[in-house]
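Shared between the two complexes below is subunit A, which pairs with subunit B and subunit C, respectively.
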Partner chain A sequence: MTTTIAIVLDGLLYAAWLFLVAVGLTLVYGVMRILNVAHGSLYALGAYVAAWAVQLWFANRLPAAAGLLLLPLAALLVGVVAGTAIERGVLRFTYGRHELVLLLVTYALFLILEDLVKLVFGVDPCFAYQPYGLLGVVRIGRLPYSLYDLVLIGLAVVVGLSVWLWLEKTRSGRLLLAVIHDREMAMAMGIDVGRLFTVTFAAGATLAALGGALAAPRISVVPGIGVEVIVLAFAVVATGGLGSVPGAMIGSLVVGLVRAVAVHLLPQVELFVIYAVMAAVLAVRPQGLFARAEVRRI
Partner chain B sequence: MTRGSWLVAGAIGLALAAGPVQAQETLRIGFVTFLSGPAAGPFGVPARNAAELMVEALNAGQVPAPYDRPGIAGAKIEMTVIDEAGGAQAQVAEYRKLAEQVDVVIGYISSGDCKAIAPVAEEMQRLTVFFDCGTPQIFEEVVTEPKYLFRTSTHSTIESIAAARYILDLIPGLKTIAGLNQNYAWGQDSWRDFSRSILALRPDVQVVAELFPQLFAGQYGSEISALLAAGADVVHSSFWGGDLEAFILQAAPRGLFQTSRVILPSGETTVWRLAGQLPDGTVIGARGPNGPFAPDNELNRWFRSAYHERYGEWPVYSAYHMARAILGTKAAFEKAAGNGGGLPSTDAVIAAFENLVFDSPSGEIRMALGRGHQAVAPIPYGVYRYDAASGQPTFEDVRYYAPECVAPPPDMKGIDWIGAGFPGAKC
Partner chain C sequence: MRRDPVPAAIALLALLLLAGALVLPDWLRFLLLLAFAKGLAVLGVVTLMRGGLVSFGQGLYFGLGGYAAGMTGHFTGFSDVFGLLLLGIAVSVAVALVLGLVMARYREIFFAMLSLAFSMVFYGVLVRSEVLGSTDGSNLPQPTFLGYAPEAATGRVLLYLLTVLVVAVAAFLVHRWYRSLWGHLAEAARENEVRVEYLGASVFRVHYADYLLAAATAGAGGVLTAVAVGHVDPTLTYWTTSGEFVFVALVGGTGSVFAPFAGAVLLELVRTFAFAWLPYSWQMILGAVMLLVILFLPGGLWSLVAGREART
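Right after this comes the complex of A and B.
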């Protein structure tokens, strides 16, 4: 029983962390057809800025509970500033090119941002551990869990719902869906795709930064954290279907739960199991679980 | 004038400007250590710092006896530093370039890099000193008849055997162990040697969990749950750097350090950073008599204070390993040179380096294994206590395990020695 509860909770927690990163990646791909490798750098940047803000906050003994709010604020700051700067400053000059060119451009951005982060924050680890212990620990069955982790699961659900509501229930969201569905037709109908691209990219960047900022209290923020996360996020998004938000959710859940089952029951396969799931899904549905098969236009 | 005569004139001019011939002699040392990537912060940069400090102090003749003669065998040290990042293949290419340009190469933190470089060092016939990497395979499998290659740090088998002995001394009633190690050579070897040593010494102990998360995974929620559920007496983790820090930050609030006694054989680099976040009672190792476990001798006092003064932090074990490698090299050169002036030949240095016994901030180092190319040293472990008043880490129950007790005999592989039940060990 303990093991079952542990698998579900551990799986959900891992899935929550993955989803926060993957949803931004899939959103940007869906709308802009950019497989954004620099998404990992934005995750790292979110973690660094959050860690820096939290350090400063707690060093000055400011009210601890409010320190929690620094995490989403840091993410918003990174997302809006860096996201807009990257989209307006670099990406917009590459629209209309082949997807592979855009992939290379974002890879270049990723390398630049990695060095930039090193330049600004150095190679020594940054810590933001204070918020993690702030909420205390609860016992579920025989196992103690940090309340922060459980809040993280809830937050991922809220983010997922918000993105879904935005896309389905608001005007700008529906415009976005129209662009995802058929960009040329959407443009022909008079949708300002340029502006939507900026908004989408900033939103995607904010989600990546939010993943990083919320992870920061539980990790050591060091160079290279962006690389690890982008590889996993790609696996999730490929499993769920590139460009699909529900796909990112299901992909995260599948990967998270399968990994938790492996850790608890068959730890030898932990490393391999995530990619095994991806391979199995792609063997049956090459477009991923939720993406519709597309007719390729030549 | 022809080009040749210009060169001669230039050389004469330089010689005149530089003064006596002996002072003009230089020994070029190429250092290789991580300056970027996840290993830079915890190991690479402290090692680079130690190299800079030692080279400057040696050139200025500021290092205490027996290293108070300026330079190395009278020659001024000229240093080049190269980033170890980029993987083993890239490092082999870098090494080939570097070996052409310098007299000695001192480097390598990653065991993967060491394994790739070892045969190339022999092929290039360049004196090369591995200062930090821990895999036992270097002289046991990769280069079994070394000439140009030396390693002044101990290897992970020695350190893991000492860890096992320490745990059994600390917890005589040990019944169960569990492991959380990164899924690559260092993690797998460390766990294999530790768990097999425990089982060799106490066959009734049970292994209740063996977890191998991906290197740099960063998220250990599931692993911590599994370890909590397993409830082993002892949890062993050879994690290092950011992974170790993330594990501690995630595991400590959930009480893993109360459920199980946790041993972190390479945890010393984290002690200074996490301080109060690292729970009391954790068993810490420093891969030898380094950092807080270094002996209280003149060299160590000088090294600690000079390093702290210059960099504002205390030297961690990779810095000690670097200082050790440089001083070992100096000792070998000067033993080979005798009292005469001028740099000795490489063959003479190698003959002097083999089976050398030399002083370092980590105490006496003996080049006793791998045909005199592999160092042994006492291996200490201790129990961590955070002193809130001073904000400093302290260690209790510190015990040193002599090489006679934890190092395999020269003619035997470490893992075979463990399997045979440590024949000839004097503890």
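Right after this comes the complex of A and C.
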């Protein structure tokens, strides 16, 4: 029984973290048709800036509870500044090129950002463990579980709902859906697609940075965390269907739970069971679980 | 019809490189060996790219070749380079025969991601299995050549000579492949698959054949790398290795069989000096070069050498 609870909770936690990263990735792909490899670097950047801010905050003995708010603030800062800079500075010159070329452009950006992070923050691990202990521990059954982790799960649900509400219920969200559905037609109807691209990319970057900032207290922030997360997020997004927000949710749940089962029952297969799921899904449904199949042009 | 100058050029370059074994300093010879081995994997990526497929998982076959040689050497002590080479290629092709059936059905981003997934599955297996050496990998015995067991220094020279020969043969065969019906069909499939099908050719078979070819060359490259370094570890198959192959393929362009090898040598040279002079900026240089090439030289650096002729 305890094992089952542990598997479900760990799975949900892992899924929550994956979803935060994957939803930004899938949003950017859906709107801009860019499979953004640099998403991983934005995640790392969010983690680093958050860790740095938390260290500074607690070193000066400022009120501890407010330190929690630093995490989303750091993410917002990184997302808006770095996201806008990347979109305006590089990506906009490549619109209209082939999807694969765009993939390679973001791969190049990823390489550049990885080293920039190393140059700015150094290669020693950063720790920002203080917020993790702030909320204490709760007992679920006989299982002690950190409240921070439960909040993380809740936050992922909130983020998912907000993105869904934004897309379905607000004007700018509906415009975005129109662009996802048919970019040319949306342009012909007078939607300023260029501006939407900037907003979308900044929003995607903020979500990536948020994933990193919220993970920062749970891990040691070291070079290479971006690489790890982007490959995982690809697996999630491909499983769920590229460009689909519900797909990202289902994808993270599937991957998160499968991994939790593997970790608890058969730890040897943990690392590749995720990709095995992805390969299996893609082999049966090439477009992923939730995306529509594209029409082949003659 | 003009005579094809490429085979003669390959032979000439190979002779120069073989003669170079006498004059090149040790470090440069070793660098060239590694670059050529990597170039073999890049050649595979380029072959797929001509058909419009970008593989982000060629490290899978590079690693399979390397581990086939590494594990055989580790467990049985078998050290004959020719035997290991054949074995590595055979293992790579055998895996590709199966995976290719799935892969050849996919295009564009899905091909890229599925190839990435397969290489990461292999990486996961390697990292997790103690028998295969886990993250530390394992060592290979000193290479022997058809029963001849030279001392270390002579062995390194012989291995270099062998690598040059393997590269020359591979370049020649792949060049012939590009000029064959299959090569032309691949290019046509990149432009418009449906029309190729209407002409009566099977796009699936074209991609499948290219996939096998790419696996074979990458496997050979992996074996040579493993034997030269004397060690295998899971980074051989990690996705950053595959990414580097794509990088070289892209920077070199798909115009010629020389481009992958020239690109790989250039990459290794820049890497060597960047590590010495500018720590933590090696990837940044790679990224910046890649961006500039994509933005300003869509045909790759080779298009500068080939000039206008290639574009018409």
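General remarks:
The rule is short, and it goes like this: the second predicted complex is superposed on the first by the 296 of 298 C-alpha atoms of A that agree within 3 Å, B and C clash if a C-alpha of one lies under 4 Å from a C-alpha of the other, contacts with A are read in each partner's own complex, and residues count from 1 in each chain.
Convention: contacts are C-beta pairs under 8 Å (C-beta built on N, C-alpha and C of every residue); 3 or more make two chains touch, one makes a residue touch a chain.
Values in this document were obtained by computation on a predicted structure and should not be read as measured data.
By the touch criterion defined above, A:Gln268 lies against subunit B and subunit C together after alignment on the C-alpha atoms of chain A.
In the superposition on chain A, A:Phe127 makes contact with subunit B only, not with subunit C.
In the superposition on chain A, A:Leu45 contacts neither subunit B nor subunit C. After overlaying the two complexes on the shared chain, residue contacts for A:Thr94 are found with subunit C alone; subunit B is out of touch. When the two structures are aligned on the shared chain, A:Lys118 is found in touch with subunit B and with subunit C. By the touch criterion defined above, A:Leu143 lies against subunit B but remains apart from subunit C after alignment on the C-alpha atoms of chain A. Within the superposed three-chain model, A:Leu20 lies out of touch with both subunit B and subunit C [touch as defined at top]. In the overlay built on the shared chain, the residue A:Ile86 is in contact with neither subunit B nor subunit C. Residue contacts after overlaying the shared chain place A:Val193 against neither subunit B nor subunit C. Subunit A residues in contact with subunit B (one complex) as well as with subunit C (other complex) are 118, 123, 227, 268, 270-271. Residue ranges of subunit C in contact with subunit A, taken from their complex: 54, 102, 105-106, 108-110, 112-114, 116-118, 120-125, 127-129, 192-195, 239-240, 243, 246-247, 250, 280-284, 286-288, 290-291, 294-295.
Across the interface of their complex, subunit C is touched by residues 35, 90, 93-94, 99-101, 103-105, 107-112, 114-116, 118-119, 123, 227, 231, 234-235, 238, 242, 268-273, 275-276, 278-279, 282-283, 286-287, 296, 298 of subunit A.
Of all the residues in subunit B, the ones that touch subunit A in their complex are 35-38, 40-42, 44-45, 183, 209-214, 216-219, 221-223, 225-226, 228-229, 241-246, 249-250, 253-255, 273-274, 277. Within the complex, the subunit A residues that touch subunit B are 2-3, 6-7, 9-11, 13-14, 17, 118, 122-125, 127, 129, 132-133, 137, 142-146, 149, 215, 217-225, 227-229, 259-260, 263-264, 267-268, 270-271.
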